[in-house]
Amino acid sequence: MNAPALADVQAGADARGVAVARAGIAGLAAPVAFADAGGELHQCLAQVTAWVAVPAAKRGAHMSRLAEAVGAWKDGEISLAALGAWAAARRAEQDSPAAGVEVAMTWLLARPAPASGRPSWLDYQVVAAATSTADGEELTAAVEVPVTTLCPCSKEVAAAGAHSQRSLLRAKIAVADAAACGIAALAGQLEGCASARLDAVLKRDDEKAVTEGAYARPRFAEDVVREAALLLTEAGHARWKLRVRNLESIHNHDAFAEASSEAQG
Amino acid sequence: MNAPALADVQAGADARGVAVARAGIAGLAAPVAFADAGGELHQCLAQVTAWVAVPAAKRGAHMSRLAEAVGAWKDGEISLAALGAWAAARRAEQDSPAAGVEVAMTWLLARPAPASGRPSWLDYQVVAAATSTADGEELTAAVEVPVTTLCPCSKEVAAAGAHSQRSLLRAKIAVADAAACGIAALAGQLEGCASARLDAVLKRDDEKAVTEGAYARPRFAEDVVREAALLLTEAGHARWKLRVRNLESIHNHDAFAEASSEAQG
Amino acid sequence: MNAPALADVQAGADARGVAVARAGIAGLAAPVAFADAGGELHQCLAQVTAWVAVPAAKRGAHMSRLAEAVGAWKDGEISLAALGAWAAARRAEQDSPAAGVEVAMTWLLARPAPASGRPSWLDYQVVAAATSTADGEELTAAVEVPVTTLCPCSKEVAAAGAHSQRSLLRAKIAVADAAACGIAALAGQLEGCASARLDAVLKRDDEKAVTEGAYARPRFAEDVVREAALLLTEAGHARWKLRVRNLESIHNHDAFAEASSEAQG
Amino acid sequence: MNAPALADVQAGADARGVAVARAGIAGLAAPVAFADAGGELHQCLAQVTAWVAVPAAKRGAHMSRLAEAVGAWKDGEISLAALGAWAAARRAEQDSPAAGVEVAMTWLLARPAPASGRPSWLDYQVVAAATSTADGEELTAAVEVPVTTLCPCSKEVAAAGAHSQRSLLRAKIAVADAAACGIAALAGQLEGCASARLDAVLKRDDEKAVTEGAYARPRFAEDVVREAALLLTEAGHARWKLRVRNLESIHNHDAFAEASSEAQG
């Protein structure tokens, strides 16, 4: 009844001649069931960013349609491949040169504690993203895994002990084959690039194992991104970005290192 | 010209019979020159919270007057004592049963690095606050100092090494004598309650000293608040709250401990 | 094998004479299925804080036991009543004078959009908490609901329009009867205390309804907490705290108001 | 005495064959006096990121030297041009293919309120950055200015009123001529691209002016970046990125728009 009378301002023309690369919504909470290629289904409340490009001649994006299309996810699974199709559908729906989506989630890796075998787990961040243009789709996956780093310099110069800290290792990869990209498996491998992995439950024998293990494997931030770069390359990933950030225990600032496939060779 | 014609909605009556304990503004950025009792003048951009109580019969607070009165600080110094007077003035100005202000700042402790003597510094958080009621004024000072903690259990059980992490130690005290309360001096003392202090610049000989020093002084979160409690008590503070939060290097969650003067003997 | 040889440092004695009110873990991610009294089961990844009191004579808390006991939640439902029992069990397990737990979650309220009836939803924050002492248990529930506020003063003085903004309304209640405390229902009621509720999907006819509705219901921050105070009182809650924070659209600071049952009468 | 005996681990060789694009420090607090080309000196506590590239054959960066060189700022002014020279000096000092620095600061724009003329101000974020490579230096300046946006669609469809919200407009520009780049002046101009500017102090006649002004100037997120794009182009900036984020008052998610010089014609 009402709708015909209400002007569609966003659909109007624009005379300013400026193309808008992305217009959309960010921070939209949405319940998702994300199917990882590794086989697991991750149920979580995601934070979603969704957008379309707005050509110079058009006034604006239809943002409510983006939110509606996110809302439809609650009736089924999504996956990297599904996000690519979803972005393509938004592009068609809004007759836009480009569209995209980013889904930020917290996942859990469950595993026994290192010595006691008690049930333990690690929570880590995942961002699955897709972009659709006339040239096709681009899929990316990013994981941020918290780890321990123990400082090689501190170990070398001190008579006893060495400072350690929690560090955040982030890897972002271009996904060539969505059906083969196991994001949780990648997160588990990345944990091995630092001095030690983290666990939610550590009994005394676990704490002994973790402490001694980290002391035996000192790693600078630079070392961690290098180990991770070798891991990604061996796994066949051609385009990647890495960043590690150490919440330094001896400073009130952080140390960081970054590497990317572009800067190699 | 205009003003007489514009209704003062906030000054109206309210029939709902509910007293509003605090109505005001939060997150107001303001340049301050804060005079600490220790003698230093701290120039910084503060985040200010300011409020008045609104009795049940009155509609609302005049929030713009609070912002105006904060704006007047840029022409001079403030201090704990001045904040008490400022709150009393706001209470009078708005004919309110109570008024208050909180000033959150980042300060710097400058000092030589522990071994090399190179200039180094620590940034830490300070909150100075005042409340004015018919019963008088109440002044409080809070500091949050980042430190290192090294785990006593990890040291005990491991053949070599011990995990350490950055920790945040917060102390809040009721200020009995504003003229005698040196906030920066208190922050410097609190640093001594943990396994090691932090510095912005640490050369290799400093890192050796800090690493060995922390290994010789393992501290649980519980230990840190206990040491701080003894320090505050010895300094004559009668009412205090303490909290330490360890950014655990072996977990993706934090450990914490809290103590207060109320909960003692 | 190993365990008997590993010293239990936390179980040792302490000579400093300082009681630690709370020692525990914070920011622990845990998958929960929370059963609200309203009947719904909320599946989400919670952030958990868990603690015990440490008497003056004892060295420290057994933090890994807290994490283990949180880990056990994944095999079943929790609820306000269950949290009370859980805290009591931790108190007994660590022979402590007090223990407690806080579970922070994001929930979704699903409902049709106001005019179009399209499926829409609101995400809001919930904190369920329990404390156990020799005197018994104390349960609390807190919800933070985002809403719209439209400024009564702006509407009054302007020839057309009135500024509005997103606001966050937080209510914390002492729970007398866990079996009767519907947290999601409370959140839905609190939405009605502001100028308008928020929705994830608003088509043009919805936007018309929401805009006109908010313009017809201007609310200061003080109004919102007063409306909420009346609502809580009518619902029979005896002890409560309220806070609203307006992300002011005409300032770069926020406006806020707070009220509590203590400050009434 | 000590130093000769302490191994320089970072200076060692690395056999893994992975180049590290950036290794350095982030979140370092430092007092700065930043000289803007507009003539003003901005005294503030900056958050500094500083880094060098680490070639494949070298183990790591000397991070403490970066912190030391930041510490030297407290004795004088810095500026965009000075940051370029500083980055070049770090590159030389660590014999690195590249070095860079980012200085994040909060500045204040002071001005009279729009109708009353009362002293008011706006706090906004500035990031000044420099990169040095064998190809020369690259300087950038970014500002994030909070503004008001009033929704054109809401105004169009509603019989009265229109929703508005606080929005954050960010512009990042490549600086061709550091001596001519007035960052505070740019921030002031960007405020004009939205529905209204923000002020810390607004009396009733100011609130009338701001409310009516915003109602007369509705702007979508897309409109704001387009206006800003025209402004930057007219000011002669050849390379820029723009982003606006609306803290939507009718949703619990944000709306955003982005544009860049690259994506134009």
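Some observations on this one:
Order of writing sets the labels: A, B, C and D. Residues in every chain begin at 1.
Note that in this section contacts are C-beta pairs under 8 Å (C-beta built on N, C-alpha and C of every residue); 3 or more make two chains touch, one makes a residue touch a chain.
The structure displayed is predicted, hence computed values, not measured ones.
With A-C and B-C as the two chain pairs, more C-beta contacts join B-C.
When every chain is reduced to the mean of its CA atoms, the largest separation from subunit D belongs to C.
Taking the mean of the C-alpha atoms as each chain's centre, subunit C and subunit D sit 35 Å apart. Note: centroid distance subunit A to subunit C, computed from Cα atoms, is 28 Å. Between subunit B and subunit C the centroid-to-centroid distance comes to 25 Å (mean Cα coordinates, whole Å).
With touch defined as above, residues shared between interfaces to two or more other chains in subunit D number as follows: 6, 28-29, 67, 123, 153, 157, 200, 202, 204-205, 208, 251-253. Residue ranges on subunit C touching subunit A, taken from their complex, read 2-3, 6, 8, 28-29, 31, 43-45, 64, 67-68, 70-71, 106, 108, 115, 118-121, 123, 200-205, 208. Looking at the complex, you find that subunit A touches subunit D at residues 6-7, 9-10, 14, 16-29, 51, 54, 56, 59-61, 63, 67, 152-153, 156-157, 220-223, 225-227, 229-230, 245, 251-260, 263-264. In the complex of the two chains, the subunit A residues touching subunit B come out as 122-124, 146, 148, 150-151, 153-155, 157-166, 196, 198-200, 202, 204-205, 207-208, 210-212, 214-215, 247-253.
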